[in-house]
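Below, subunit A partners subunit B and then partners subunit C, in two separate complexes.
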Partner chain A sequence: MIEVQDLRKTFKVARREAGFGQAVKALFHREYTYVHALDGVSFRIGDGEMVGYIGPNGAGKSSTIKILSGILTPDSGKCLIDGRIPWKSRQKHVKEIGVVFGQRTQLWWDVPVVDSFELLKEIYAIPTEVYKKNVDQLTELLDLAQLLRTPARQLSLGQRMRCEIAGSLLHNPKILFLDEPTIGLDAVSKLAVRDFIKRLNQERHTTVLLTTHDMQDIEALASRILLIGKGKILLDGSLEDIRRGGSHIDETVAELYKKFDVT
Partner chain B sequence: MKKYLAFFRLRFTMGLQYRAAALGGLVCQFFWGAMYILSMKAFYDTDPAAFPMTFPAAASYIWLQQALLTLVSMGGIDNEFFNVIQNGNVAYELCRPVDVYGMWFTRSAATRVANALLRCVPVLAVAALLPAPYGMAAPPDLPAFLLFLVSLTLALGVVTAIGMIVYMITFHTITPRGVRLIAVGICDFFSGNIVPLPFFPEGFRQFSELLPFSSTANVPIRIYTGDLAGREMVVLMLMQVFWIVALVGVGKLLEWKELKTVVVQGG
Partner chain C sequence: MLKLYGKYFSIHLKSTMQYKGSFFATLIGSFLTSFTVFLGISFMFQRFHKVAEFSYEEVLLCYGIMLMGFSVAQMFASGFKVFDSMIANGEFDRILCRPRNEIFQVLAYRIDFIRVGMLLQGIVMLVYGLASCYVDWNFSRVITVIFMAVGGCVLFSALFLLDGSIAFFTLQGLEFMNVFTYGAIEHGKYPLSIYGKGMLTFCTFVIPYALVQYYPLTYVLGRSDNPLFIFLPLLACLFVVPCWIVWRIGVRRYKSTGS
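== the complex of A and B ==
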């Protein structure tokens, strides 16, 4: 159970105009603006739910994921995940969750993927049988057989992403946060990843919260949608709720962003 | 404990992955050592009595220093953590169920040991084969050698703990360039990496010995060459222990402060 109440986070950003003169001026005087990444976000996600978290660029999606995974401390607000406050009991919390940051990598660049997995096994203290079973299963479902023996740097983005997802699931997390997991994937990999997430949710009852800009991900996966814009939750409902008969999903969402004036 | 061994194993295999880098480093250290000894020779030829160490001891000092460069000098600091802080992969580091300080401390110490194991054996082998005043001599006796090993382990602790403080500062500055450069410069100078500490003028030498940097390479290498023994050695080794405790304390305090305010930038 994930409970989030009135979460707020503000970032300080030094902004300036282009050019050398402006850069020199900024040496002495900086103008800061405050960006309200999260401006009172509240929601509740039950066990085994699969929720799509959407919103335009810079809406606060990644900030929410970072707070939920215990990396970022919010300015104010409450967050309880299975009774834990993520940023207060970070170590205990992260044992129970899996996170995939689509823009980052957790694989050691220079060694074969399987070496990274072995290290994750030790870090999470995964029993050998569980580890073996999970690797076998993930290898089959995500088609990793060849990839595991390849150094991470020689994998293509899509291949690497499949390995990243597998890496985040080795320790049987109850909750999975996916921050743009299908970014840069080809059609086949995308379908494989979607299929996989769906099975994970059905078979292991893993709670999944995923952010994406690919509306087909949402169509395929999420039974519930949270729409965030300018740091506020604007809509919480099912895909059917927001869809106007027959129109394309991308248009529907673009329409929504315009309606809420968050583009 | 198993976790930490696993870090070490991975590090070691990664070291093996970079064959060309290890070879390049080796050649560089060998030439550097030779150049250094020859310039020392020029000074000693002028007036051998003017120096606090005998020439063979100075030669041993230099070879040992080159062999242990990646182990106990600041330049051997693991750049991995600078990279993860800069490119944001630190997000993954923070979502592991382990204490960040402990994990990074072990990993950066493991990097040092793995790199040194790959490099020190060939340097020492060649240095031992060189003719008398230029090569590396054996330590004075067995107890001195054992004390050298103990002090070397302590030096590894001190230099890794200083490195941890540098990482924690990088959390704040995001770019490691300035901090790393300053840390390497100061540490190299005050640990006797450029000129051995016994060569420092009186007064300034005592001052330098009070700093944590002198508790790194300076102590074990001087024990090995026989320059350091008796009461002075005991005092300096106790200083090493003191600095490990103090620097780890400061590092953990900084970690606690930084992790509360850390922001992983970008989407």
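== the complex of A and C ==
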């Protein structure tokens, strides 16, 4: 169970005009602007739910994910995940969750993927039987058999993403945060990843919170959608609620962004 | 924890071995670089015979010990040397997502095997210094040499930790910190007393290099028989504490600013 109540987070951003003179000036005197990344965000996600978290760039999606995974401390507000406050008991918390950042890797670049997995086994102190079972299962579901012996640097983006997702599930997390998992993937890999996430949610009842800009991801996966803009939750509803505006989901979402004036 | 570190170690070794040619070339290079320093000292002593009250052999002994501590610290604490880029590329977020201590993970992030070259050079000089110095070896002197090497290693690691922590506040490593790490090994070649009283005071009370170098060295060489000097290198290890506190403050700041 994820409970978030009135989360607020403000960032101080140094700002200066372009140009060399301004750069020199900024050395001595800085002007700051305050960006309200999260401006009172509340929601509740039950066990086994699959939720799509959407919003334009800079809306606060990543900040939310970072707070939920214990990387970031909010200014105020409450957040309780299975009874834990993420930023207070970081080590205990992250043992129970999996996080995939679409644009970053958690595999070691120069060694075969399976070596990275072995290391993750030690990091998370996964019992050998559990580890073996999970690797076998994930290998089959994500079709990794050919990839495990390959160094990560020689994998294509799609292959790597499949390995990333497998890597983040070795320790049986109850909750999985996916930050743009399909970014840059070709059609085949996208389908494979979507398919897998769906099965994961159905078979293991893993709670999934997924941010994406790809509306087809949302269509395929999420039964519930959270729309965030300018640090506020604008809409919390089903795919149908969003579809109501029109037939094509990309246009509808663009309409919504405009309507809420968050672009 | 040790088992986990062993796993990291083997991953780093495997990664390094992927580029064997480059590894051995750089290894030899690193050995030769410190060898030129050795030559530099030799040439100088052909002219002067003594620096302050220290002879050639004594300086080699001193530098050998310092170099060993420094190279081991460089090898195992080099994660902190690239820590600014770990923050920039999000690697530190990754670390925070894992259920292990952050410092441990940064240490395990990078092991710089190249430094073995420098370590070898240190050992060569130490052995030469040991063999040619007129020291009346006994148990407490041997222990003192070991303490000096260990204390030096801890002290330099602490400085790397401090160097890394600064990246939390500036988002970029500060080059001036190199004054305290590379600078220290540069002027740590010679017993610190030769630089005058001011320098010695600074290196005793501010950044305690002298506690792992000058004072115990005088004990080893029989210039002083104050038994306290044996344990000064261990005292110097306490320097880790303030560095660790800066690190903690940095982590807290990072978690509240996210950058």
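Following the convention adopted for this analysis, the second predicted complex is superposed on the first by the 261 of 263 C-alpha atoms of A that agree within 3 Å, B and C clash if a C-alpha of one lies under 4 Å from a C-alpha of the other, contacts with A are read in each partner's own complex, and residues count from 1 in each chain.
Simple rule for what comes next: contacts are C-beta pairs under 8 Å (C-beta built on N, C-alpha and C of every residue); 3 or more make two chains touch, one makes a residue touch a chain.
These numbers come from a predicted model, not from an experiment.
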Joint occupancy of subunit A by subunit B and subunit C, clash or fit: clash
Touching partner for A:V114 - first (subunit B), second (subunit C), both, neither: neither
Which of subunit B and subunit C A:E180 touches, first, second, both or neither: first
Which superposed partner A:I71 touches (first subunit B, second subunit C, both, neither): both
Partner chain in contact with A:L80 - subunit B first, subunit C second, else both or neither: neither
Touching partner for A:V130 - first (subunit B), second (subunit C), both, neither: neither
Which superposed partner A:R90 touches (first subunit B, second subunit C, both, neither): both
Those residues of subunit A which subunit B touches in one complex and subunit C touches in the other: 11, 66, 69-73, 90-92, 94-95, 99, 101, 104, 106, 108, 110-111, 115-116, 118-119, 122-124, 151
Of all residues in subunit A, those that touch subunit C in their complex: 11-12, 63, 66, 69-73, 75, 87, 90-92, 94-95, 99, 101, 104, 106, 108-111, 115-116, 118-119, 122-124, 151
Residue numbers on subunit C that touch subunit A, as the complex places them: 3-4, 7-8, 11, 14-15, 18, 89-91, 93-94, 96-101, 252, 255-259
Subunit A contact footprint on subunit B (complex, rising order): 2-3, 5-7, 10, 13-14, 17-18, 87-89, 91-92, 94-99, 103, 260-264, 266-267
Sites on subunit A touched by subunit B in the complex: 11, 57, 61-62, 66, 69-73, 90-92, 94-95, 97, 99, 101, 103-106, 108, 110-111, 115-116, 118-119, 121-125, 151, 179-180
